[in-house]
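In structure tokens below, several structures.
What follows is chain A paired twice: with chain B in the first complex and chain C in the second.
Moving on, here comes the complex of A and B:
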């Protein structure tokens, strides 16, 4: 796999060495890969993107694009010479130019014939050939987004960076644009990094998801790996939802009040751990003599989210089908699926 | 005693020609100064927002120096003071081409250029930052981003305050009479002196300034209408289709 982006130990502080926006971030993105940077607001994901784009100067570490160092302690290549495409949250279309003129902008150094052809290709790729003469105020949000993407893709950049690309769209348009943008990026074979706070978006579109928290990259891996084997409690909670119940390692098993889980990682006997339980791992079994009690039920359309109190007083969450109704206060038995277990030491985040 | 209005003094004898000459001088003085003031204003206004500190500092010095001295003082400075330190050739050129007029042009240009600069800076700063970033991300140099994106958009945004500034410039050109430029106010006073008809002469001057200013305002309003970008000023974004 050819490397397109390499970050090594990149740090950035704001306000004269004050608050660390990102700390020691290392990250490699391969050619054609789509990587999502996911995290809550203020986690440093946008700063990371802006550092790659060249809008910020790092305080430490190095950034390479296409094998060329663009930023380290001595070198700083400005944004206009990095050959990256950028799609902004507000699209940032040039309002005094038509869709076509916007797309043409990145090709100002090309000869007329080649750039004309390339503009057609880019507009065609995003399905906007018909609307090339329109100004941005004559386009819907989704169409503006496509123009922005065509403008970013037209010069065939080594990497396209997308900052919260879908957050300004209505819910139904967002679902549509996620699919379209994914298809367009794939079709163009472009390497892409996008920033989002929406885990569903990250899991759906990205080949790999990097989860950031308080300026640190907590984990970067394929979406299913992130979901099923989160590296930290933060990742477990932020990607999907999770409850943690205490357990004790006893030989081949980890004993908890939800039953005994296999000790897949070979943890030493006597070790106290916390086992991560996802709502879809917990089955509720109708049992009038059951030891658990239903506390609340929240209908979420595609499922019901139950909060269930265990005999110890601890509560866990369970996702049940949208037609499965159990009244609050009902006694119930709780069953878990012990096939995949993730447990954390109690005192820190190490698995 | 009733004052006997004699409007015909405005076009009898030399008076009509004087007033017309005054109007023409006011227009030439204002138009030339306006062009230089806009040039200085765009340049220094853009530099005030430039991503390089020394350029910003330079532009700030220009603005603060020239807008914080009264225009009258600038007129005296450029008429009585500055020509004395000019090289011989410069002095000769000035004496040949009317030193009063050109001193007034310089004074009005630098003073209103500094004021225009602030208007332009505000315009540039109200353009969303992402537009600048989008320009450099597509490979434009900082200079190109200003020339092709930021300044064209900013100029559209600032037409109303720039109109205001332009009207001020035209009105302030009347101060040039203090250094002997035979512009409209000067000529109005001359008509008044020769005819002793102060009311008629000054009423004529007043109305001529009013007509000039209203003409400028209406032309600028049409320019604004022709160049406006709907989504940018009135945030009228079309809904999803």
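Moving on, here comes the complex of A and C:
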């Protein structure tokens, strides 16, 4: 895998040594890869993007693009000389230029023939060749985004950065654009980093997802790995939902009130842990003599989310099919069979 | 696609492989920007600083005799004049503002454009026309005497004449500001009042008027400051105010220090008003201009149509039709006007080029200043804002005086050239240019500049290719405002011009003093024509801007 982006121990503070926006972030992105930076607002994901783009100057660490150092403690290559494409949250199309002129904007150093061809290619790729003469106010949100993407891709940047690319779109448009953008990026073979607070978006589009929390990169891995084996409690809660039940390691098993799970991590006997349980790991079995009680049911369209109280008084959540109705207050048995057993030490707040 | 990409990369590697080292910054500014900021602050603040130093140099004895003698009465007179003129302008401006924006008065669009015309008529020309009409030998007093009256029916000279004229020719500020606030106010608020059982009158008093307060305050402030700073109109109308007294001290008694002391008092007074206004606005937020939302409710006038029309005609008549008719009457014939133009074309030329140079310089400086203020928050921006707003606080007479004091002492080779005149216009009207481009710039998303930089443009190229094209209407509007204001400026020109360098306003001044009313009137008409034209252009541009967003 050829490296396109390398961040090493990058930090950024705002307000004269005040609040740390990001701390010691290290990250490598390979050629053609699509990486999502996921986190709640204020976690530093946009700052990371802006540091890579060259709109912010890091306070520490180094950034390499295509094997060239673009920022460290001595060097700072400004945005216009980094060869990075950027798609802004509000698209930032130039309102005084047509769609075509927007796409052409980054090709000012190309000769006319080549740039003309390139503009056609880029507009074609995003499927907007027919609307090239329109101004941004004559385009819908989705069309504006396509223009923004074509504009970013046209100069063939080493990497395209997308800042919350779908947050300004309506729900139905968003689903469509996710697929389209993913297809376009793949087709162009472009390396891309995008920032989002929407886990579904990140899991769907990205080859790898990096989860940020309070300026730190908590975990970066493939979407299924992030979901099934989160490295921290924060990741477990932020990506999908999770309950944590106490357990005790006894040799090959971890004993909990939901049964004994295999000790996959090889934890020492006698260790008190908390086991992560996803709602889709819990099965509700009709049993009038069951020890658990249904507390609430929330119908969510595609499924029912049940809150179930265990004999200990602890509650866990269970996701059931949309037609599976169990009344609140009903006695029920709980069965669980997680494929991945994820444990965190009880006394540690992060692990 | 992939092939194209590889080629692009190679090109980039060939062109952009240079290492760029971190550039030094002073705070958030590059050295060039910091230098520019310092230059502008020096340019704008130094005359005033020097003035205060000169005022203090007048010594405690001179100062105390001044303060105990004429100053208190002068202060009372000036404040009285400004207050009455402001009230009069409010009375003239608010009803037409409401009628023209919120009722179905026929021809209201044309009236709104005509309502701006008094801005093209400088109050000193207005004063001339009213002296013609209501002066001791004017038609009104003559008719009165012919009917057997003795003495004068009206006396235009003095405080009430000053109030009459200043209000009549400054109310458009209030009409403009109140009009646009009324136009952009949220109809839902009035609908809520109506749902609560209020009629049109109740809605106006309880909802519309309170919401108008910020714009009325801003308009009143403009009128009040204008009245404080006016020199020419009050001179013609023989009202003694600070500005006329300063001129008197300077030109007949040749007492620069006394003039400086008086000026300092006047500037402090103006600053006090400005600070009070800032505080007032600080507590209340501005009425936010909405775009693309529901237009405000239009009330049918019904049988109020005739009174509304009469009210509108009276205001416009007194401030536009009557003065222009009187000027035409005074000028005599078209031949006189052409003759004035032919023999005095160099005065027109002097006016045009000084105003154009000042407007251009102001626009360039304003772009720099508003960019720094908008894009680089911090103390530098605040300092620059304050420095460039100083022009508002300096009446033309005071500015003329302080520039003379400063440049005569330190840069004598500029003193006595037309550059002084340009400099005077520039400093006095820079705030208008800054406002124009700052307002436009605040509408431009900084992301657009970043997008341009991401596409390979330097900050400078981004400014040139993206920002400037987008804020051009605001810059043009600012340029036009400075141009119009400069071309009308009399007091500063009188003090700063080199001997024999006459502009149109100076010609009007001289002709009036020489009691050559035909020349004064025809020169006035030429001046009004030169200012009315850009005023209409700016109005067109204004509608162009609102179409853009």
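Odds and ends about this structure:
By our rule, the second predicted complex is superposed on the first by the 347 of 351 C-alpha atoms of A that agree within 3 Å, B and C clash if a C-alpha of one lies under 4 Å from a C-alpha of the other, contacts with A are read in each partner's own complex, and residues count from 1 in each chain.
By our rule, contacts are C-beta pairs under 8 Å (C-beta built on N, C-alpha and C of every residue); 3 or more make two chains touch, one makes a residue touch a chain.
Given the structure is predicted, the values throughout are model-derived calculations rather than measurements.
Overlaying the two complexes via chain A brings chain B and chain C into a clash.
In the superposition on chain A, A:118 makes contact with chain C only, while chain B stays out of contact range.
By the document's definition of touching, neither partner reaches A:207: not chain B, not chain C. Using the contact criterion defined above for the overlaid structures, shared-chain residue A:105 touches chain B and also reaches chain C.
Of the two partner chains placed by superposition, A:59 touches none, neither chain B nor chain C.
In the superposition on chain A, A:257 makes contact with neither chain B nor chain C. In the superposed model, A:75 makes contact with chain C only, not with chain B. In the superposition on chain A, A:141 makes contact with chain B only, not with chain C. In the superposition on chain A, A:170 contacts chain B only, with no contact to chain C.
Contacts of A:8 after superposition: neither chain B nor chain C is touched.
Across the two superposed structures, the residue set of chain A contacted by chain B and also by chain C is 53-55, 78-81, 83-86, 88, 90, 92-96, 105-106, 108-109, 151-152, 155.
Residues 128, 130-131, 133-142, 144, 149, 152-153, 156, 229-232, 236-241 of chain B are the ones touching chain A in the complex. Across the interface of their complex, chain B is touched by residues 53-55, 78-81, 83-86, 88-90, 92-96, 105-106, 108-109, 135-143, 148, 151-152, 155, 169-170, 173 of chain A.
Note for the complex: chain C touches chain A at residues 1-2, 4-9, 11-13, 15-23, 445, 447-448, 450-459, 461, 465-466, 469-470, 548.
By the touch criterion stated above, chain A contacts chain C in their complex at residues 53-55, 57, 66, 68, 74-81, 83-86, 88, 90, 92-96, 105-106, 108-109, 118, 121, 125, 151-152, 155-158, 187-190.
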